[in-house]
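Shared chain: subunit A. Partners: subunit B in the first complex, subunit C in the second.
Entry: the complex of A and B
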């Protein structure tokens, strides 16, 4: 059984005096126990909204789904009180910007200890009065079990001198250390799932490598599943076991990391992979996807990618199909359901100038999809 | 125009003729006082942040020079100092044969027209209360280049050049997407027909598909308008894609520089090697590469480490000479124009692999011993 199993998720934000914004439009997501699942997409693709819907952190949005199961139980049938326990006890969250996610006027040890008392396995009162006393008068005693656990957790996430770091304030730490503190905090309640929303985007590459290693190690050694939201395919390649590619509120492709990078199926995934600047050709032009993603209110019918897709044809205006490419590898592209041979997608390096114009230029010698069927 | 521009080589025969030096910086320093208050000064607090601490750099006409480094390495400060948005604390900046390091106000005006700056975040670089057309047209008025119909024609032509439509002239910045805004940022920089454009993280705020569009555009504009570029980025892949030469900065200094291919294929400084190792790879065989991070944090710019500034974090730390003496840039054998600042350049790969770096405390002991000598 999947740890998290979401089917046909739709998230709509009502807008005063305007059309509603459907940020997520029919998304399926499954996270298996003990894996790191990547959720990739450009900004505005709905990946963060999808992740936050799992924590029920979307105020004012209308969330609908055919299924929204965590460990086989419907998350949206829970009461707010039950949900408060689940957030932290079962599902932890790591945000992108540690400076705004951590409390600037509490020591980091105090912040982790608080999570441990509320969600973790310690015998210490977390009642309102004792919390207030700790917060404003005494602070957590350094001999208290929750504090000792906080120091332990800091050590777990690779902080040197954890006892000293526990007594510091967030602004005294570097970006990489703060990110580790947030991971320690998310671990405070021994969750089975951690949702990490762009956890390394604000960090330098040298520091990023360490944080990703840490996530990988937690997953392998502590039996935590991670839903990793990122826009960076390099991060996916390095960290994830499986991936969901999102575009403009819909899932385009779902595969194991290996399948996705070796045999990308959807034209969008192919374009995305080829637009990453990578070594090798230094004088060559990068392949680009023309235009930019549509506004949620201006999505075309059918496939949201069809205005930018060089392989688009009539059927693309129909609702998205689901095509299984291989075991564990599915794509939602009409090329696979309507055509015998989906062919190769020819991306034009110069297409960026004619933003929005669908161009099928073929200078690679590969047959373009249209030619495949006509011939 | 100065006389040096007249003997410029054309693109076609640039192969063996040495291209002219457009910008030459020698020993440039930019220090910021930590406390500027009167009381602090009276109390003798003269601590400074050594953001840029003695940099030599040359940009030839028609080439793209990249500056890479972690945040806090001083790369943006260097870019701003060379384009004279900051006044250097020390050193000389020569632009097209003219010393500009002490220019101020009126003297800088013609230089401002010829050196333009593209910022990372076009949303904060563009005036939110002016249409983007007005923002792009403004430098033409300021520099008395064009007015009236001629001005608008130039702006419209440039918009077309970067892939924006005429209808977008009247748009406000918030009405455009991130990629369109960065195109406007390019227009605003190019409208004065500059010789040198400094890009500060031009694509860092953009999605990867838009990054590719903008990088291709930057490349094409360089060919069409015969521009020289100084490009600052923390993203090595971006730098690799567009730059002819690269300078790697660490703690306010250049630790290695050379042709792009040499830096990527034959990196010499341990810091450069660490940076390259840290790049996430998507070669995509499904096996995770053993990506190495770098322990520790970039050092304090107020009180930088002695000797080689990288010694507290260096995975190839050898002995007392690392914290003891400051290495200078030395030629790397076999590569033209490739230099690195390390005491231990000539070690073989086998030697490096067999080396176990000392721990932080061991380094501290070695450092204090070398300081006593």
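Entry: the complex of A and C
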């Protein structure tokens, strides 16, 4: 059974005096126990909204889904009190900007110890009065079990001098250290799932590699599943076991990391992979997918990618199909359901795409020019 | 590596009744490192001690009248501050007066702060209808002249310490509410509030445990400024004769009584005047130091 199993998730933000914004439009997502699942997509593809809908913390949004199960139980059927126990206890969250996601006026040890007291297995009161005493007057005693656990967690996430670092404030730490602190905080309640929302985007590549290694190690050693949100295919390749590719509120492709990189099926995935800069010196421009993602209110019918897709044809205006490419590999592209032979997507015709026009094969097998939206 | 953390080590921790004293290092450093802060703290402590131990320290009974030495000037042998128009020792009256003046303003501002911060916190955190309703209520409080409330209270309940406290507290609720709300409005948008929800804290706890500590610095400054203003307000009420009982010595009342005699006996009004000014200044300087000590993000010791 999947740890997290979401089917046909739709998230809509009502807008005063305008059309509602459907940020997520029919997303399926499944995270298996003990894996790192990547949720990849460009800005505005709805990946963060998808992830945050798991915590039920999307203010003002209408969330609908055919299934929204965590450990086989419907998260959206739970009471708010039950959700508070699940947050932090079963599901931890790591944010992108560790500077603003940590409370600036509390020591990091305090912030981890707090989670431990609320969710962990320590015999310490987390009542309002004792918490107020700790926060405003005495601080958590460093002999208290929650504090010792906090120091332990800091050590687990690879912080040197954990006992010293626990007594520092967030602004006294480096970005990488803060990110590790956040991971330690997410681990404070012994969760089964950690949602990491672009945890390394604000870091430089060396530090990023360290954090990703850490996530990988936690996943392997501590039996934590991780839902890793990123826009960086490099991060996916390095870290994830399986991937969901999102585009403009919909899932385009879902596969194991190996399948995705070896045999990408969807034209969008192919385009993304083609845009990854190769190592070494390159002259000239980086490869891109022409055009930009549509606004949620201006999505075309059917496949949201069809305006930018070099292989688009009439069927693309129909609702997205579901095609199983292989075991554990599915894509939502009409090329596979409407055509006997999907053929090769004409992504390699660089010159033609740059010119805004590309040759694609239509149903009759004859080449015809197709306009590609340019910006 | 450990050296980079501003000396917050865990090895050399000293404690007092289980409280880790290194938490107060900043406060101690700020209060002793800056002469203005030291002055502020010393002044406040001296005045508070003088008020608390007035019965032990006062050289004379503040009510005892000595007709032989009416309006004795300052520095006259037995009466360092002189005597008032009834021959009562001014130093003793000042010390007893400090009890009312300091006590009333501290209690009144504390009440105003608790109610005001509570309202502002809830209004700012929840926003929307809650915010509108609470802040309109605060607007009504603000629109009410506090002097009128004081007069009304005195008219209904008669003169008394608690009426003065109520009138002053009432007047300061809106100051605290507005300031707290403004702070909370920006703090609640910070990601750590969302992070706190993500670790399963309830709204009440997030407000009190996560948001409020971030708003403490400006609220402390507001508190000290208003304590100073409350002393003036208490003086005003006593001066107008609607404060505490007229015979009770308070700084404002002393000032008011001395006013008509300023030609013959300047010290009767000047001395309580100086006391008010020095206390207000001391409290403000102390407040600035407190704010610096609480603001863990700021530069150390910047005035």
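Keep in mind that, in the parts below, the second predicted complex is superposed on the first by the 340 of 375 C-alpha atoms of A that agree within 3 Å, B and C clash if a C-alpha of one lies under 4 Å from a C-alpha of the other, contacts with A are read in each partner's own complex, and residues count from 1 in each chain.
The rule is short, and it goes like this: a residue touches a chain if its C-beta (ideal position, glycine included) is under 8 Å from a C-beta of that chain, and two chains touch if they have at least 3 such contacts.
The model shown is predicted, which means the values in this text are computed figures rather than measured ones.
Contacts of A:209 after superposition: subunit B is touched, whereas subunit C is not reached. When both complexes are overlaid on chain A, the residue A:188 reaches subunit C alone and has no touch with subunit B.
Once chain A of one complex is fitted onto chain A of the other, the partner contacts of A:239 are limited to subunit B, with no touch recorded for subunit C.
Applying the stated contact rule after C-alpha superposition, one finds that A:254 touches neither subunit B nor subunit C.
When the two structures are aligned on the shared chain, A:88 is found in touch with subunit C, with no touch to subunit B. In the superposed pair of complexes, A:132 makes contact with subunit C only, with no contact to subunit B. Against subunit B, the residues of subunit A that register as touching in their complex are 42-43, 174, 176, 204-210, 212-213, 216, 231-239, 256-262, 271-273, 275-279, 282, 285-290, 292, 349-350, 352-355.
The touching residues of subunit A, when paired with subunit C in their complex, are 55, 57, 83-89, 92-93, 95, 97, 100-107, 114-115, 118-119, 128, 131-132, 135-139, 141-142, 160-161, 163-169, 171-172, 182, 185, 188-189. Of all residues in subunit C, only 1-2, 4-6, 8-10, 13, 18-20, 22-23, 190-192, 194-202, 204-205, 208-210, 213-214, 216, 294, 296-297 touch subunit A in the complex they form. By the touch criterion given at the top, residues 70-71, 163, 177-180, 207-213, 215-217, 219, 234-238, 240-241, 260-261, 264, 274-275, 277-286, 288-289, 291-295, 297 of subunit B touch subunit A in their complex.
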